[in-house]
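You will see two complexes here that share subunit A, one where it goes with subunit B and one where it goes with subunit C.
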Partner chain A sequence: MNVFRFEFKQLFKSTLSWSLALALVVIIFMSFYPVYYEQIAIMKPLFDNLPELLLKSLGVNVDTLFTGLGFYSFILMYVQLIAAMQGMMIGLGIVGKEVRLKMNDFILTKPMTRSSILIQKSLAIFSHILITWTLLSILSYVMLTTVETTDLKFNIFLLFTFSTLLLQVMFASLGILTAVLLRKLKSVVGVSMSVVFTLFVMNLMQAILDEPWLRYFSPFQWFEKSYIFYNSSYEWPMLAMCALVTIGSCVGAYVVYTHKDIHAV
Partner chain B sequence: MNLYLQELKSYLKTMMFWILGIVFMVGAGIGKYEALSSGGNMDLATILGSMPKAFMAIFGLSGIPIDSFGGFYGMIYAYVTIMGAVFAIMIGSGILAKEERDKTAEFLMVKPISRMKILLLKLAAASTLVVVFVLVTWGTSAAIINKVSPTDTISNELAYMMIAMFIIMMFYLAVSFFLAAFLKDAKKSSQLSLIVMLTSYLLSVIMGIIDNTDFLRILVPFQYFKVIDLLDLTLDPFYLVFSLVAIVVAIIASAYFYPKRDLMI
Partner chain C sequence: MAVIETKKLTKYYGKSRGIIDVDLSIEEGEIFGFIGPNGAGKSTTIRLLLALIHPTSGSATIFGKDVITHAKEIHQEIGYLPSEVFYYDNMKVKDLLNYSASFYKKDCSKRIKELAARLDLDLNKKIDDLSYGNKKKVGIVQGLLHSPKLILLDEPTSGLDPLMQNIFFDILAEENKRGATVLFSSHILSEVQKLCDRVAIIKDGKIVKIDSVQNMKEEAYLKVGFETKVPFDVSTLGLGKLNELTQNGLDVSFIYKGDINLLMKKLASLDLIRVNVHEAELEEIFLHYYQKEA
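For the complex of A and B:
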């Protein structure tokens, strides 16, 4: 368990900064809710008169627009952007550390199997993700209960916040797989930033593109907020996609890492 | 000059991927215009245009009049600019710091060229890559616009948008380049660049939701040149001057600090 303990300790500072960043985003955005509500409240009568079908086709739910939880679902996209960045960066950073610092011979000559190294590192990564996510969820809940004027739909909040965890884990697995596949890892930030932002902008571009098949490749769309609001559940195909990518990356990383040639320097 | 050519060559592969990405984004985005304009969705655009700012922000359309072709292209411009900023930061924080990170600093520094010259040649190479990025976007956009909708001539608007994109990208390039020149630790400087990017992006989102947030504008390069102004063929003079000055200052500061600082070997 030495590797786990070492990496776990190493990650504390990073987890602290990521949690702080996420907390700042949640606090700042949520404190804008009253202003937002003031601006948008004038629209409410108009929406109450629109037929349900039209709203549905627009992907608008009256609940999503005029409640604190709805506002939270809107800012969730940005929370998830940062959370995904964290997942990818620590996945890539921890597993790719030896490649990056050219220290593979150091760790691989220890009396441990490769699989044990990878599993311990992954455990350290996932436990830190869990810590960050727990803090984030508690804070989000506190912020929501302070700004929400009507009853908070707790099960929907749970679905929202749990989707953040699923995305974090998915991106971390993707980071681990990438770290194992790359022969040399130059910049953790560079790789993470290009992957995460590409997927994020893909999600933004769906406003224009509106291609149903593209959603399968766009993780930020897997947990569609208005769908969760309407149905109080995730979309099964998208959840399956998320599970597939996560498990696929982990298994892939395991197989590759236990078999590949590793250059000492 | 060898260094300049060498840098361009080493980024060739990266550049190819980015060019593919740009062509895909611009192509797929503009290609959707026909479907949007013929499908009667333009009425929707007019409806949406009369909604409050906060509402539009939810659809990711803030501040962009999507009822004209120029406005529609403005959305694509906004997306490509986000990717452009990611690209500029990646290049800016990598090109100088990679020598120390990859332990090739000694190799380079014993060559008979001064550090100042190294810095300037690397800056020239990075700027060339940004220029290529902008020109590819420009060329692809012009070609596809011409094909999809020959009757809409927005070449002037396009020119203004591309100039704005170039300035924004140069801004991020200069800032991340300065951070890499100033700080010894390549990891720290790239993380700081990431923070700059994320903060300014999230602030631009806040500015999109909430009215009366113009005081934040100076911190948010994405908001220096608003699409509405660009469609009117104006570049906000204050922010034009400010961003150019900021770019020059960042470059001068890099040239001041880099030749003096200790190298991490």
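For the complex of A and C:
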């Protein structure tokens, strides 16, 4: 398990930064909530007058916005964007490390099977995602119970926060797959940003075009907040899509990595 | 027992040629040189042996085991030094070496210290701060720290100063004495001549000759050069086909292989100003292999 230990140790700094970024978003936004709730009489008509398209693309649902959880579901969109970015970046960064640094010759001539290397690296990635997500969930819960004036629906909160984990894992798998497909990798940030933001913009596309099938290709809409809010459950087809992409990416990465030719650099 | 054995080993990169039908058999304890210009297929062969790439056809075994299916076991006993070395950023030399050592089932700390001292390498420095030559030294220690039974070197001397090259060759010779087999690829013939027992010459992906360094030199390839008083036609000499024949006015030079007495008789019949006959360097023999079919 030396590769796991090596990568796990190296990831702590990155996890600390990502956790801090997520914590800041949650703390700052959630501390606005009490002020904003007090102004409900002024704020609500304001939102009612905004065009629906804008609200939809911002992830705002006016009906639920004035509850703690509803407000949390609004900021969740940005939390999930950051979390997805983390997933993609560490997936790509850890598995693509030897590609970026031209070190495949180093690690692949060691007495370890390729599958073992990939599995140990993936374990390090998913462990750090789990650490970040756990911290995020605890903090979110604490903030919510602090500001929520009515009873907090715990099961809905769980569905919300768990959807963040599912997205993180999905994006990490996508990062891993991307890493094994690339022959050269100059910038982890560059590649991650383009993938994550392209998929984030699908949100907007879907809002404008209003084609239901587009949602399948828009990960940030797989876990529709208002659906979860009213139905206390995920939409099964979307959950299946998430599972399909995640498992597909992992299996694909495994097959490619264990069979590919490593060319001289 | 053959440590490395390849049978009709072939690799194509798509349609472009890597190597074709390479048959090699390298015995335990040998220092084997692998010679050819850039692009001839040296690295391809070594990368196939290391299972970094997969053969298109043919097979290769190391220690009697298939290089692809038994890669993990084989790598336990292999040390590899690529021509260019790269490392993780922001790491100290000793951390990198310890990480490298952590893959092997033995304690390598003593050997790391020995080798570092030998090569004058500071283990506490950051790798990013090292010069290219020093990074190369990290590569040497990294490749040898587990006292491997087989050492694969792909043009290993680039970036090493002559003094370090000598130390490096001494270390290789010692490893060889300890029992390690060495496969050494290079396009610099003098280093192969210095170190190796046998050499294989590769050209356009095919092995053109395998022989001992001694034999190659003993096969009496002679570099002949002379100057005559009056112009004459070299083909009238009657020495058969001459390799690398150059005639520049009255100056003539060629590489000769054959009966030395005949050569002397023929030369004696000429009106000479100057003559120079010496044993051809491997370099010159080698050029001859390359030009033969050209």
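Quick notes
Going forward, the second predicted complex is superposed on the first by the 237 of 265 C-alpha atoms of A that agree within 3 Å, B and C clash if a C-alpha of one lies under 4 Å from a C-alpha of the other, contacts with A are read in each partner's own complex, and residues count from 1 in each chain.
By definition in this document, contacts are C-beta pairs under 8 Å (C-beta built on N, C-alpha and C of every residue); 3 or more make two chains touch, one makes a residue touch a chain.
Source: prediction; values computed, not measured.
In the superposition on chain A, A:Val189 makes contact with subunit B only, while subunit C stays out of contact range.
Contacts of A:Ile262 after superposition: subunit C is touched, whereas subunit B is not reached. Of the two partner chains placed by the overlay, only subunit C lies in contact with A:Leu108; subunit B stays clear of it. In the superposed model, A:Asn2 lies in contact with subunit C only, and not with subunit B.
Once the two structures are superposed, subunit B and subunit C can be ranked by residues of subunit A touched, with B on top. Applying the stated contact rule after C-alpha superposition, one finds that A:Leu139 touches neither subunit B nor subunit C. Once the two complexes are laid over each other on the shared chain, residue contacts for A:Leu123 go to neither subunit B nor subunit C.
Across the interface of their complex, subunit C is touched by residues 2, 6, 97, 101-106, 108-113, 259, 261-265 of subunit A.
Put simply, subunit C touches subunit A in their complex at residues 13, 43, 47, 50-54, 71-76, 78, 80, 82, 84, 86-89, 99-100, 102-105, 142. Note for the complex: subunit B touches subunit A at residues 21, 25, 28-29, 32, 36, 51-55, 58-61, 72, 75-76, 79, 82-83, 86, 89-90, 93-94, 98, 101-102, 186-187, 190-191, 193-194, 197-198, 202, 205-206, 209-211.
On subunit A, the positions that touch subunit B within their shared complex are 21, 25, 28-29, 32, 35-36, 39-40, 42-43, 65, 74, 78, 81-82, 85, 186-190, 193-194, 197-198, 201, 204-205, 207-210.
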